[in-house]
Amino acid sequence: MPETKNLSYAESVNAALRRALAERPEALLFGEDVGAPGGVFGVTKGLRKEFGDRVFDTPISESAILGGAVGAAMFGRRPIAEIMWADFSLVAFDQLVNQAANVRYVSRGALSAPLTVRTQQGNAPGACAQHSQSLEALFAHVPGLRVCLPTTHQDAYDLLLSAIWCDDPVIVIENRTLYHAGKQEVRLGGEVRPIGGAAVRRPGRDVTVLTWGALQHRVLEAADRLAADGIEAEVMDARWVRPLDLDTVLASVRRTGRLVVAHEAHTVGGVGGEVVAAVAEAGVPLRCPPVRVGTPDARIPAAPGLAAAVIPSAEVIAEAITKSVRA
Amino acid sequence: MPETAALLAHLESMRRIRSFEEEVTRLRASGDIVGSVHLCNGQEAIYTGACAALDLTRDAVFPTYRGHGWTLACGAPPRALFAELLGRATGINGGRGGSAYLTAPEYGMYGENSIVGAGAPIAAGAALAATFDGSGRVALAAFGDGAMNQGAVHEAMNFAAVRSLPVIFLVENNHYSELTPIADMVRVDRLFKRASAYGFPGARIDGNDPEAVRQAVAEAVRRARSGAGPVLLEAMTQRIVGHYIGDAQHYRPAGDLDAALAAEPIGRLTRELLALGVAQSELDELTARVDREIADASARALADPLADPSTVLEHLYA
Amino acid sequence: MPETKNLSYAESVNAALRRALAERPEALLFGEDVGAPGGVFGVTKGLRKEFGDRVFDTPISESAILGGAVGAAMFGRRPIAEIMWADFSLVAFDQLVNQAANVRYVSRGALSAPLTVRTQQGNAPGACAQHSQSLEALFAHVPGLRVCLPTTHQDAYDLLLSAIWCDDPVIVIENRTLYHAGKQEVRLGGEVRPIGGAAVRRPGRDVTVLTWGALQHRVLEAADRLAADGIEAEVMDARWVRPLDLDTVLASVRRTGRLVVAHEAHTVGGVGGEVVAAVAEAGVPLRCPPVRVGTPDARIPAAPGLAAAVIPSAEVIAEAITKSVRA
Amino acid sequence: MPETAALLAHLESMRRIRSFEEEVTRLRASGDIVGSVHLCNGQEAIYTGACAALDLTRDAVFPTYRGHGWTLACGAPPRALFAELLGRATGINGGRGGSAYLTAPEYGMYGENSIVGAGAPIAAGAALAATFDGSGRVALAAFGDGAMNQGAVHEAMNFAAVRSLPVIFLVENNHYSELTPIADMVRVDRLFKRASAYGFPGARIDGNDPEAVRQAVAEAVRRARSGAGPVLLEAMTQRIVGHYIGDAQHYRPAGDLDAALAAEPIGRLTRELLALGVAQSELDELTARVDREIADASARALADPLADPSTVLEHLYA
């Protein structure tokens, strides 16, 4: 029975995990420090106590974690594995790209790998270059995977459940700056929806701004500021970067005639390029060239003042939107 | 002393694998099969012995690209396997897997793996599942000597150890990794010794004796099912062919191949059976029967229709 | 003293390696089977004999190979490491993305990692899904790396030398179907050029077709066929996907007003999206929507007939070009 | 029996590290330093002892995110280190590295690494270089107990073994990996035993005794320079603070922290020196002098200008 609770983002994730473990006896939850300690961000708190050995700590062995998830999924479990930082997935990337993504296709469905990888990414003040990357483009290029970036508390709950219920491997990319940044009303216990689907976060007529991940908050801030100047930006949260909900994006761009894509990941080779290219290919007439906002070519420096100079700020986003509308 | 019947069963299984690989060699030469093919000639005793010790209605093997022998020993039909290598619609994976990445889960063969070492954590994961479902299932990860130097194998072994997972790590030590001798790539070439670092038993076994392999794997299975955790078995063998079809094996020192041929398991078991009093004619009949079966399977597979390109986008997702 | 020789692609690579080892005493060459056996494709034949211990075989340990290259480079060597298949780089991707790419930036040049990774990629008849991927988009998204795909024999020689001479990490992606597919005249011993720069392979006025890697041969085949129909495609080889030579691409597109990008990699999230987005952002007026040609969402099946249904053929490329020109 | 002067030098080095970390704790609490900071309080004897055994004009250390102590023991100036953590232009990497990923090659500190285990193959690679340049350089890879379960560490060890690379693998076994006890993550918690699987020596040493560490590392350096290859040293220690600043350490059993505090190396060496007849006043003076030096360095760093954002795109490429 659905109910509404006032939860932090971390608690919303926790609630989704609790529900999955309760409703799906085949669900397992594991990763480094997720069991007894309840996670380095406290996200899995209480679950070990409630569900016993189905929730457990692993050695610092990402290949064993992800490969273990693939094998357990093939054998009928529904593993939810945590990779503490998306950056760390690169020590075991093979298990996602060469292993998980192939299972169903090569066996024509005789085998499948219904696993969920929870991770989190992005920069936070003082984080070093190896703990700051936004890597969704690497995952999104891989057919066989699904990739989402829940940004609202409700999505933290909903998208994770959709991922766990999905019969294929799904990467859920959270963001540590969101975990404890305030509470929101979250509807729990509703229907688990199929994966996919963008969401309009702010309607507007002048320009379509597609974004995803924690940067969305800066995009909304920029949009609010621009409203004072009479610019009404439609802010859309892609939520899923594989599959991209291109139809919803195109419908908006057809209305506004302008496209800005903003993400925290590096611009070059980022998913923003995919979006712009897909819109361009669709032949939707634009009133001005599309604009991408992302992190320029640099590594992410630790000093907050330096990082702020590369990670897109609300100002930079607002400028890009203004440039697009005034073009 | 195992019964003659059991030995004859081993011989038949090994002969089936050998005949299959010999036919594959012909099909590759004729161009019917294309691409890289890794034969397992000389290593048949491992597959035959291990599969005899497993309960393939529930247990599972996770081999490498050198997996035709495993797949046949698991009981997969030769025709569907030929068809797979030939890119036929009737292939065991409809031609999607090919020689190096095929899978036959309905026979307990949970997938070759073409990434060296990657199957070890996957097998550990399957074993992990088995600790939750009460099935008593055991997973067997097979890989080469060279794979022992891959990070994923190390992680899988420690993970399996600390969770006491019902997984058997079986090294097919054929002395070479592609074109490079394992002896040049490790300081300690008794690879089974690595198990002690993780706290579980390791042993070297005669990988050219199917009965020795069966016994060692049976004991490992018993241990695994009892909850005692993993075992590392290092089965000593030799391939009597190249790493892949076309490998001229210039890297093998003089005499190496001859010694391997003299020790290969089919000839050896044949000699043993003759010494046990089995008639040459009975063995000849066995060989002829298996060869016919394989020739027939190949012919049928060749006559099967090619995989239909219009299906190529199916099954990426559920 | 420059000379010209009739060489296979593999021999051209070999000649570049020989020159690098001869002229740069700090160069090392290592990888699986590259030493005594001379490489699984015979590319490094004779080099162990000629240069002794500077050319050696490694265990099957990609993290040790790539991490070893990073450390050796930091300590003044110029390692050339081989990863036999680009697919295998994923077991050790951390060493490229989180390690090699950061060295210079984080230390502000106090340290550097002048290493070259030679690998090869793509599908060939009968290759399985784990030996068939085209992964340049994963590398190209990483600031701090450089990425090229030499396709001609001359480029196999030239670009590899540019990579080795480069003071930063460079990924050179070759293609095994090219190694022994015939000989060409190759100029040896010329000046080693700095990295970067696209090359026009076939001039044309009607449409710009940007491509890279072995697929170029199919693109040229398609262009030749279309010439019979009066369509003159300009075929451009990007050669470097990081950095992309956008200026040259834009100049061509400004002339032709049409853009097709063709690569063997999966279309979604591929570098084609980056190219189309960069051109769109530049605001170059196009006479029709840009078109991307790549591998659709599927894993790569082993059966040649199935693989041919997903990897772009000359026909598919020709159709895309025609669609663009007739739009 | 080492000379008192040497022990006093160890004490000074350890005290400098401790004072530094205590000041970092204050700066983190005041908000001058932001982000995740991993302190090394309690583990100082390892850095002090090891660096005393290295020739840092040519040798190099490759530590982890828990690397302030290593950097100071290598001789890097505290002010430049504070400035780094404070994001100042004068930071040893201009603020780009930060607490967890800084580098000071001019002092033989070739970079912290925030990816668990990733420094091991890099150190092996540096040692590889040393086998070609006639320099006699030795590389020391330091990492935690938990890192022993990472694939990259395994690969680095085998690679170093087979090529007899002059690299020392030094495990700082502080019993925990973040919030998880190592004893729960391995079956054999005598981690040094893994060395034998690769065919090189491993040993457990007292990681709270700088002189014991110095001697063990000196012997390993001698071996490495002689061409005999790597050594694995497992230095037993404890952190007397959380994994990172802010870690409440609920996971530590009762008494664990008290025992660690009783055994920590600075108190222990202080007691030893007093027993050797050194005057309390001399030790107090040493402490006061180092504390002043650190306070001064912190104050200067705080007064330094912030890193200039306009430089942020520089040095990505040569």
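Just a few scattered comments:
First chain written, first letter: the chains are A, B, C and D, and each begins at residue 1.
To be clear about the criterion, a residue touches a chain if its C-beta (ideal position, glycine included) is under 8 Å from a C-beta of that chain, and two chains touch if they have at least 3 such contacts.
Owing to the predicted nature of the structure, the values given are computational and were not obtained by experimental measurement.
Chain grouping by touching, computed with subunit A excluded: one piece, all remaining chains connected. Common neighbours of subunit B and subunit D under the contact definition above: A, C.
With each centre defined as the average position of its C-alpha atoms, the distance from subunit A to subunit B rounds to 40 Å.
Taking the mean of the C-alpha atoms as each chain's centre, subunit A and subunit C sit 30 Å apart.
Averaged C-alpha coordinates give centres for subunit A and subunit D that are 36 Å from one another. Taken residue by residue, subunit A touches two or more other chains at 58-59, 61-64, 87-88, 91-92, 94, 98, 102, 105-106, 129-130, 143-144, 297-299, 301, whereas all remaining positions touch fewer.
For subunit B, the set of residues touching two or more other chains reads 94, 96-97, 101, 113, 115, 118, 149-152, 155, 158-159, 162, 184-186, 316. Taken as a graph of touching chains, this assembly is fully connected, with contact between every pair of chains. Residue ranges on subunit D touching subunit B, taken from their complex, read 149-152, 154-155, 158-159, 161-162, 184-188, 193-194, 196-200.
Against subunit C, the residues of subunit B that register as touching in their complex are 33-37, 65, 87-88, 91, 94-101, 113-118, 146-147, 149-152, 177-180, 184-186, 250-251, 306-307, 309-310, 312-313, 316.
Contact residues of subunit D toward subunit C in the complex are 60, 62, 93-94, 96-97, 101-103, 105-106, 110-111, 113, 115, 118, 120-130, 132-133, 137, 139, 151-152, 155-156, 158-159, 162-163, 314-318. Partner subunit B is touched in their complex by these residues of subunit C: 32-33, 36-37, 40, 57-61, 63-64, 87-88, 91-92, 124-131, 296-299, 301-306, 308-310. Those residues of subunit C that touch subunit D in the shared complex are 26, 28, 53-54, 56, 58-59, 61-64, 66-77, 79, 92, 94-95, 98-99, 102-112, 143-144, 146, 166-168.
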